[in-house]
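Shared between the two complexes below is chain A, which pairs with chain B and chain C, respectively.
The block that comes next holds the complex of A and B.
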């Protein structure tokens, strides 16, 4: 829609600069964290398209994340594929799964959409948990990273891998931003606001929703493939419903409807998790280091505070700040 | 009994009835549980013809609209558009075949601005909803058309105002503008002037009157001046049954309509339908 959002671009610029500074000044550990954040950002942006733009709240988005990760693992380990073709194939497989499941999911709305996506996620998790070929509940290890020797780089170096995934995250941001600002993006927003009227006008509501579901699933699959390469390991936990819940929280914390917000949400939650689960953090505060094992509880408190005081997330806060400065 | 010479009335109308009907509604039956809302309702509308639909509250007028538009699949009967059976088609298919409607209760993109509402309509009308790789701002024709349409409707001052903050009458104008924007072959208007000020009513009446000459129009209207000012033919519906159907002048002259709608003591169907 004709520039609805004055803060998205400056916000993205700030996030990009912070990421660049962190990459330049980062140590080994920082590059690991940056890679993790970049991958989760891609995952969160894909869900942000569904939740923020179309209003489809999925609770099973981890299904496509796990599919991308497992497909990468299986293709590289079982079939000895090169990583780059495996990444493309894994993304495609996630897209196919999204198309197949989306055919059913998009027929529902509201709580029923939440339930059916939850069921899709749990089915994928249950399958991976039992499937011998994919290591069942042990998962699979030893997944290689993409081969960057052709440009003279080694992706096993943390700073090389983090740079790669940061660049991929930036590309995903650009592509999704083009999509959101296109006529198709306006149709998605119209579905969000009044699906009934759009259908009465003659909009291809079902096609539009299915396409959005597939695009979101595809990008989640890409994120999954990258996480498999990052950790060299996949387990059924990647598809568990709590993963879907966490990425949804990232989208909400960042501010629904904002791609940059999804990145910020992924960063804040990842950093918070690392900080709160680190016993030296609590020691430095002069508190019992045992508090570190209660980090999930603390995250819950943080999330409640966010929902009560800033329902529109980081991006929404910034937007209101901008409006109050302007007028 | 006729107050108007039927020969004269015949001469005034375009020869619409001789053409093949744009919209044909054939013995529709529908009921909600035991409540019969459509009982053998039939009507034909030719290109360029305006068909009025009147009847008391709960007569089944809006339900008939829902059936024609595809929101409700009737228990019996058929709907044909340009000779093509569309009874089982979903609402969006029908809309793309050239059937547009406005709703009795405004059904807009309330949190979007007037401009954005019209742009959404324009994207659908231009069939560019699948374009995902080009910025909307580059679709000049859609954006300019939205502005032009707003201008024609006198909405240019509120172009960038969110719809839910507008007055009821203004929202009503937009409701009709969205339907007109589709450049339909058949247009269904459900009480277009309800809740509008007299000026707004005149304005919208003009907009409807200067719609394309081959548009087939079906209109529900409680304001008899507006209705008989537009309609060529009229159907009177009561408890889902067709009480009377015929040329506007015949229906206007009939006892039922004179007593119930035009007499000294008109049935107060809606508070705004007081004839001036």
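The block that comes next holds the complex of A and C.
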């Protein structure tokens, strides 16, 4: 299939080079941030598949993120599993939850889909918040990271862990790109454009939507498992509806329908949050360092401005730029 | 078993009724706006929070709960009107996602704005003297102020019923919910109707904020938990419908109150499951305002 989007490939190349440069030149703190960005990128790419490709706007995607994280925590701490099998099992559990809830969710559309996914996410959050077996509102701590001793590495080193999650993010990008460009991806896009027509043509719309929902949930579960390993801690906050909202903003900021955009969106939002909440940033600007405690205010304004004025996101801007250069 | 104790049942039912009435005040504005324009406003809880904070300032300034009850909701309606004129008006033609995300951003702006102005610590508001006591109801002693909240909800329901059924504006709203295009074609300025309904909804959210302030504490973020319950009421009851909002509020208020006692571990999860089940069985809510095509 010919590449209809001229920007995506160079954009991805630039993002990869920036990530590589940041990893090579980065200090301890930079590697921590890189890990965070890589994990959120995986999370955002999974939602990008749903929102950008199929037009299913989920406000409950954090449910699968939290499920992946908690399953990893419970399997490694309660059952003493090794991390890698726990990661696989956690991803599978998130997939099962996505299949189960997706059966219901895909029957609704538009605002009702938003509301039912919000309810699903909050259901998971409410359960985790009260579940004693999983530490209730305190969460669980002491989750180990994947064992990389078999290739002679220690994943507790920040640069090793950040490299691992960056590689996983790259693999997810490749797999999702293959998926999006396959006939199945074309079918999903067709659902986005005109679901009724596709149904009239005999497409199994429900099957395709459910499969997309499950794939997105599975990848979100993988991201959840990685974040549990990264921070060694899980709390019900991981599943709160605002997390679903924020990852949706990442997708919008990056540009709907672009996988690379989702990565860029995750990076922009994460860096912005770290910057705005850092009191020395405000001091260097010659402003009151107390402004740092109001970073949520500025993030909120940023969300609003991005959604109102830049609906097509970073990817869309690049594309327009490329078109204007081309003439 | 405590469920067989009539005194316990009466008290808990009154508690449930109190939550239901607050939810009704919050959900009716959101519901009609949703029914009229398919507009979803996540910042509705923020307006409720602003109502509580404005009441706090009004009480400090005038030393009267009643003046606060008059002024604060008006202030909230003004905040709503400004938000509408500057921001929300431009989102009407956009899809639900833009509306959800912009008003989602407003939630964070609201919480931090309140924190900047009134500080991060929780505040309390004293119960007005006239209502500061207990009353005997069906042989049980219950705080008078909580009965007042229930009464406000009932008065609002009756007032809205007559407003919707007997006034010109009410007829326009009903017509608009039923068929927006046709109503506009008949020469009714639907945007203005929408604006008025939106402001009225903000005013009611402000009222809910003021009257809940003496019972719950006032803090940045008090809007978060009630917002989700309010959204559930709107969806469960059926967007755009007065009786839908009333029935939805009663259902969610009661299930939440009794759920917290009977199965605290699953109470909130049950409500979300209930909403999902209702959405699947009746996708337009229990009492939809519009005939289903």
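Note that the second predicted complex is superposed on the first by the 325 of 327 C-alpha atoms of A that agree within 3 Å, B and C clash if a C-alpha of one lies under 4 Å from a C-alpha of the other, contacts with A are read in each partner's own complex, and residues count from 1 in each chain.
In this section, a contact is a pair of C-beta atoms (placed from the backbone, for glycine too) under 8 Å apart; a residue touches a chain by one contact, two chains touch by 3 or more.
As the structure is a computational prediction, the values presented were derived from the model and not from experiment.
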Using the superposition on chain A, decide if chain B and chain C clash or fit.
-> fit
Mind working out whether A:199 is in touch with chain B, chain C, both or neither, as first, second, both or neither?
-> first
Specify the partner with more touching residues on chain A, choosing between chain B and chain C.
-> C
Using the superposition on chain A described above, determine whether A:276 touches chain B (first), chain C (second), both, or neither.
-> neither
Partner chain in contact with A:297 - chain B first, chain C second, else both or neither = second
Draw lines from the C-alpha centre of chain A to the C-alpha centres of chain B and chain C: what angle do they form, to the nearest 10°?
-> 80
First (chain B), second (chain C), both or neither: which does A:262 touch?
-> neither
Just chain B (first), just chain C (second), both, or neither: which does A:97 touch?
-> neither
Report the closest approach of chain B and chain C over their C-alpha atoms in the superposed model, as a whole number of Å.
-> 9
Using the superposition on A, tell me which residues of chain A are in contact with chain B and, in the other complex, with chain C.
-> none
In the complex with chain C, residue positions of chain A that touch it | 51, 57, 59, 104, 107-108, 110-112, 114-116, 118-120, 122-123, 126-127, 129-132, 241-242, 245, 248-249, 252, 294, 296-297, 299-304, 307-308, 311
In the complex, chain A touches chain B at residues 1-2, 178-179, 181-187, 189-190, 193-194, 196-205, 207-208, 211
Would you tell me which residues of chain B are touching chain A in their complex?
-> 69, 71, 90-92, 94-96, 100-101, 103, 107-112, 115-116, 119-121, 123-124, 128-137, 139, 142-143, 178, 182
Okay, in this complex, where on chain C does chain A touch?
-> 34, 38, 40, 87, 90-91, 95-98, 100-102, 104-113, 115-116, 228, 231-232, 235, 264-269, 272-273, 275-276, 279-280, 283
